[in-house]
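Two complexes follow with chain A in common, the first pairing it with chain B and the second with chain C.
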Partner chain A sequence: MNRLSLILCTIGIITAAQSCKMKNTESVVGGDAAAKVYVAPGKYDEFYNFVSGGFSGQVSVYGLPSGRLLRVIPVFSVNPENGYGYSEETKAMLNTTNGQIPWDDQHHLELSQTNGEQDGRWLFANANNTPRVARIDLTTFKTAEIIQIPNSAGNHSSPFITENTEYVVAGTRFSVPLGDADVPISSFKQNFHSTASFISVDKTSGHMNVAFQIVLPGMNLDLSHAGKGPSHDWFFFSSYNTEQAYTLLEVNASQKDKDYVVAVNWKKAEEYAKAGKGRKVPAEYAHNTYDEDKQTATSVIEKDVLLLDPKDCPGMVYMIPCPKSPHGCDIDPSGEYIVGSGKLAALIPVFSFKKLMAAIDGKKFEGDFYGIPVVKYEEALHGEVKKPGLGPLHTEFDGKGNAYTSMFLSSEVVKWRLSDLQVLDRVPTFYSVGHLMIPGGDTRKPAGKYLVAYNKITKDRYLPTGPELAQSAQLYDISGDKMQLILDYPTIGEPHYAQSCPAALIKDKQVKFFDLNKNHHEYVAMGEKKTKVVRLGNRVDVYMTAIRSHLTPDNIEGIYVGDEVYFHVTNLEQDWDIPHGFAIKNNPGAELLVMPGETATLKFNPQHQGIYPYYCTDFCSALHQEMSGYMRVSPKGSNVPLKFGTGIIDSAKTASK
Partner chain B sequence: MNRKPFIAAFITASIFLLSCGGNPSQAPAGNTPPPVTETAKAADDTKGVGKFTNVELTHPLDDKMIKQGEGIYDLKCSSCHKLSTEKLVGPGWKGVTDRRKPEWIMNFATNTDEMLDKDANAKALLEVCMVRMPNQNLKDDEARSIVEFMRKNDGKN
Partner chain C sequence: MKKLTTVGKISVIVVILFLVSLWLYPMWRIDLKAPQYPGGLSMYIWINDIKGDVDVVNGLNHYIGMKTIHKSDFKEFVYLPLTMMIYMGLGLIVLLMNRKIGYYIWSGIYIIIALFSFYDFYKWEYDYGHNLDPHAPIQVPGMAYQPPLIGYKKMLNFEVLSQPHVAGWFYICAGAILVGVSFFEWKKRTSK
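== the complex of A and B ==
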């Protein structure tokens, strides 16, 4: 997106121009729009829509067509709503080789697939800043695993997947030296590399591992998508800054007429890796897993990674010239067409997989880029969409032979036909559209009913809220020949890429509560009888239970200033939608939200003597206000004995007041 | 005396009561029968609402079921029910097998929300206890073992 800042200055003019053209709500929204998006109270939406949270680091979940926000899934940022990253159990999820990172930048999402179709098992998410890939479990909507990517920076062309979720990829937007080499920035050409990492995904458990990294010349890998059907074995990455600039990129990385689409034969890469053509090098990266059984995350630092160098692996990587600074790299449902969206070009180049294969077979190369063969542009080209609009970014497909491309600069969505590349329709967006999403629109089987445009700029669209405005999503009905804007709603953070699947794919397999009998948390209290407070030195473990409407123990004495007190709260409820919250006055360690059947731990390190009330923060019953307790913190070195319980009345002291 | 704060508090409390179930149809309605005591209901002959319409009790008591029932009690029930007659959050269990048919107990334990919405005795209990009994998701055999444990607690054989 670097060079987009170059052209941001023109946005004002363009948006102004749009308002002159009367592209306002009244002129584009049809009379039946409300009926198309109305989901009556108590009724369900037709689709789940998973939307990247951008600089919020999280993933949001909306219902379509209503646009109702259903949930925010914490992934790469701590989450005050449910204690993610704060509870002792989840802190490890955000661990990296540089310790816990509380906030990242989340750009793209991909739903797991089998045979090129969504299978509703997992959702993958990338962290762009500190390169990581997350796997979210779609039965719990919890982040199950996060793996850090070594030898990478700006993990942008991620987390796109192969057709059977064999691999999730992670490509570097910012080339860096391998390892932690200390080199001059000006030695970019000699020392900096981009890498395309292939993370294997276990078919059953979903467990991820960095299988191999393909080391590429210094350039910026931008976006990617896997081939489908006939192109199943291939992965395609767009690139920019093949000029290899390392300063003032908005000018210096926009010099060449063409950059490249990098075509990687991942099947071949897999074979080379197996055949020992790779080089295992030391590389430290964090691998964090949430264990559902123990309800606890652990972080392991991995020690090495396998590198594949294209010069040792002939036939593994080819470059296709692509005008100009391509952004999106999207493959149509048939797997035949590769759409590179040159964001600074006034056309959309569409490549043919068949022609690409023929060109490779016939060695129709125009040269090489650091030893990697560069296929002649025309030899791989299916054709160009002429004058589609300004600033083409991303393309999705409807499964009926049509493609839809977002136009950032001219703020519109353009529908065109894959076969003859004719523009069929265009609609305005409000404003500066980035990604597009059609449910299944990047799979073999799109559900071509809706299209959502994710917009960067919303000024004048909603009631103003000071300088900081929401970004937005705009829903279009694309079931007819003409696209029709039917809804416009604000989003959290910055929506980049999104995914959507029919609700039926995952709705009925939702976990409603965690079975207490399967709770193997180290500090679970299996029933009130098992509640206790245990001191070991200055560490105190409180085995606490919560059920409507009391906490046990709700009186605790014998805690001293400076103690490290761990409250392990087990929610004994076994019913859907009955979480209990837990908060202690003056605790800098935040709060908890504990799902039914779950155990979660809050650490408290009291620094001052006194009485500390604690209570349930989630309104749970008519007696929720009563769901509270007291902890007495005494001066360090005092001899107040350890004492705890619920419902124990000290009659002597009560009477002697 | 300024009654406004009192009235406001009363209204707030009423709203809490009405909203406690989340589902309006589950909230205690205004036309529910007046609160009745546990003993007053002893004569009631209902089996409650749910799948259990005929439970054959066996003699002597089944030790295996008692053990299972006690384990479930410790984990999922003891937070709110004492084994004596004393009410904690819910009624104490002493004498429950005299007050209730096994079918009613098992229906309440497994079909909690519907019972609280439809069964007159369950609704009356809600007005006494003011907390909807949590559905602890007991399986059929677990509910049966709870009954056996209750029988043991009541000194049955």
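== the complex of A and C ==
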């Protein structure tokens, strides 16, 4: 009897220990996962997935469901690989009021929308460190425009957009004084402000302009999303550090029980701006535009900006209390529910837009924050998701009435129902998920088939590569009741937010090459007969052409030490996927990749005499190795005449050898 | 003199209408396929032009020393439309004359034009494929690059398929009608 109970006890303990065991990948991945992510050679992925590059400053493009890296788009960081930020044409793209900055921290992306649905025209990207917003053209996958944001720092709650891409927003995470005021840091409460900038986007050209900035009290605006449908006129920003701490924020900014979701009526703000309620103040910020026609970027320093003060604009801004330093601020596809994820809270508050409007109409306020009315928490609350997990960060939607929230601390994705706030399912992530993304998951029409979790910790997911590891993304099939992990794949930089759209939306409008006849570059050579080398003082312009498989001119003499030589290389090809590269020995700059029909310029400033070979770096044809040339650099003050050409054989000199 | 049958008269109009297609559609197409060109390259030969991926093909030609193709090099693009317009005009005369002999002659001219056109096309292809630059970077001993007049051929990394296009088929049908109806008219010569 004793013996039997001993055995039973042992079994009991073992069973209990088993059930306590943490879930590992094997217990999560189902048998048909491989088939679900297999995209056969020659087949295309179903979705484009644009992923923020974080500290890489770039935007990466993956295919889903395969997780294959398709391209990295240079946006906020220089890219010596293709000359972005190095070529004379693209240097201006990275210009700021502090000159060219070669890097930034790229966090969030948003695809342009029409009527709350993705329209596949542009992709917007934020720069967190030096506040900027970029617009990427989705026909060329090139950065078309970058605008700097004045009166801001830590441009985090950006570049979220309104339903018809009327505005892209930029919100301050690190409050700073307006302008460049020199004030004590301890005067935070008096002098520091956060701003919510509304950047207008031209319907046809996409051109951006800072339309107005709403000046808010010093606090940290974190994330944001625009309303949809009934809440179309509104924009919602989460905030933390309403304690207004300026030192040891991890403690001092976590004291209050509730911070705020800031509700901005942008339609009203627009009216106030038009009605002259704003104040135009001097503010310098760079506005860089890439001109497709001239194939050249220009940078203009803008001179002023319109500020709107909520005090002068009643009914424009309200505060909704939200527990514990909220992070994500996500609006469901119907536009009715506002999900604030308190990253230190053990629940997810869900607000109702209808109730919020009723509370505002009925003036159900609990007080004000620097004059901005604070709506009573319960009056705006739809309900709370109880015990969802630990550290809720971000929420996306599947369009079937469900929400999916990432849990940083408990490292899982939790699926719950919007109507009754019941938790339906949970799956582990490996490890510590930050953002998550469902294709179209923040629009009116999500494609609720896949979910990608972008994890902050990689650890043992892939073959180890020393202390520095790639970051990790995980793909889940969410088409059924239960979420299923189907793929792990490494990503570049550090992915934060991402966007994804059906491939069909942009696949067929890709530019394959640029029409040479429409190339209006200042230094284009329209054919080999138009190639030349022109000297003006110590500036030398080489009008060069590249075609399989030679460069014209491929012999240049009469260049002197100290000259500023500009190689304007025109790729004469008119066929898809025939780029030519261009590199010069000992050039401290980068190289060029010139697309068919395009002209790009590499500057070289030779410091030593000698022969400098230059060549095509992109394996273009069977005779690619032959695609090279020589430049002779003579001592300063020598009298070697300017001479250039291709295929010219100097018989006298050749024979004398 | 024997007069044309109703079938004969109708056939003149049909042949003229068929020939109008020469200005609406290409006569011939040459399709090329290589590993580097998964979508293939196509050249379309019209009565007065050559279109399609001609520039791309020209870009490739220099490797093996083939001449580049330019519309202005083809005097055929001037003479052929003129010839066919005159031919169609002759058709109207045949119709008005309403004589069998006219029809026979008209059909005969067609056969001559057709044979000459094919001969001319073949001659151009031969020259294009054989007359290579002796300094070409890629030289394969014994290799010529003459595209097939009609049908399939493999040349280095390219597979080439040459065949009539819409107007070409109309042209062939027109020829068939002319020959067929000529026999028909010949058989019916005693019945009236």
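Basically, the second predicted complex is superposed on the first by the 636 of 657 C-alpha atoms of A that agree within 3 Å, B and C clash if a C-alpha of one lies under 4 Å from a C-alpha of the other, contacts with A are read in each partner's own complex, and residues count from 1 in each chain.
Basically, a contact is a pair of C-beta atoms (placed from the backbone, for glycine too) under 8 Å apart; a residue touches a chain by one contact, two chains touch by 3 or more.
These figures come from a predicted structure and were not determined experimentally.
With both complexes brought onto chain A, simultaneous placement of chain B and chain C is prevented by a clash. Applying the stated contact rule after C-alpha superposition, one finds that A:548 touches each of chain B and chain C. Judged by the touch definition given at the top, the superposed model places A:647 against chain B, while chain C stays out of reach.
In the overlay built on the shared chain, the residue A:529 is in contact with chain B alone; chain C does not reach it. Within the superposed three-chain arrangement, the count of touched residues of chain A is higher for B, of the candidates chain B and chain C. With both structures placed on the common chain, the touch criterion links A:102 to neither chain B nor chain C.
Applying the stated contact rule after C-alpha superposition, one finds that A:574 touches each of chain B and chain C.
Of the two partner chains placed by superposition, chain B and chain C are both touched by A:622.
Across the two superposed structures, the residue set of chain A contacted by chain B and also by chain C is 547-548, 573-575, 621-623. Interface of chain A with chain B (complex): residues 513, 516-517, 526-530, 545, 547-550, 552, 572-575, 577-578, 621-623, 625, 647.
Residues 55-56, 59, 62-63, 137-138 of chain C are the ones that touch chain A when the two sit in their complex.
Those residues of chain A that touch chain C in the complex are listed here as 547-548, 573-575, 621-623, 626. If you check the complex, the residues on chain B that touch chain A are 16-17, 20, 22, 74-76, 78-80, 88-89, 112, 130-132, 134-137.
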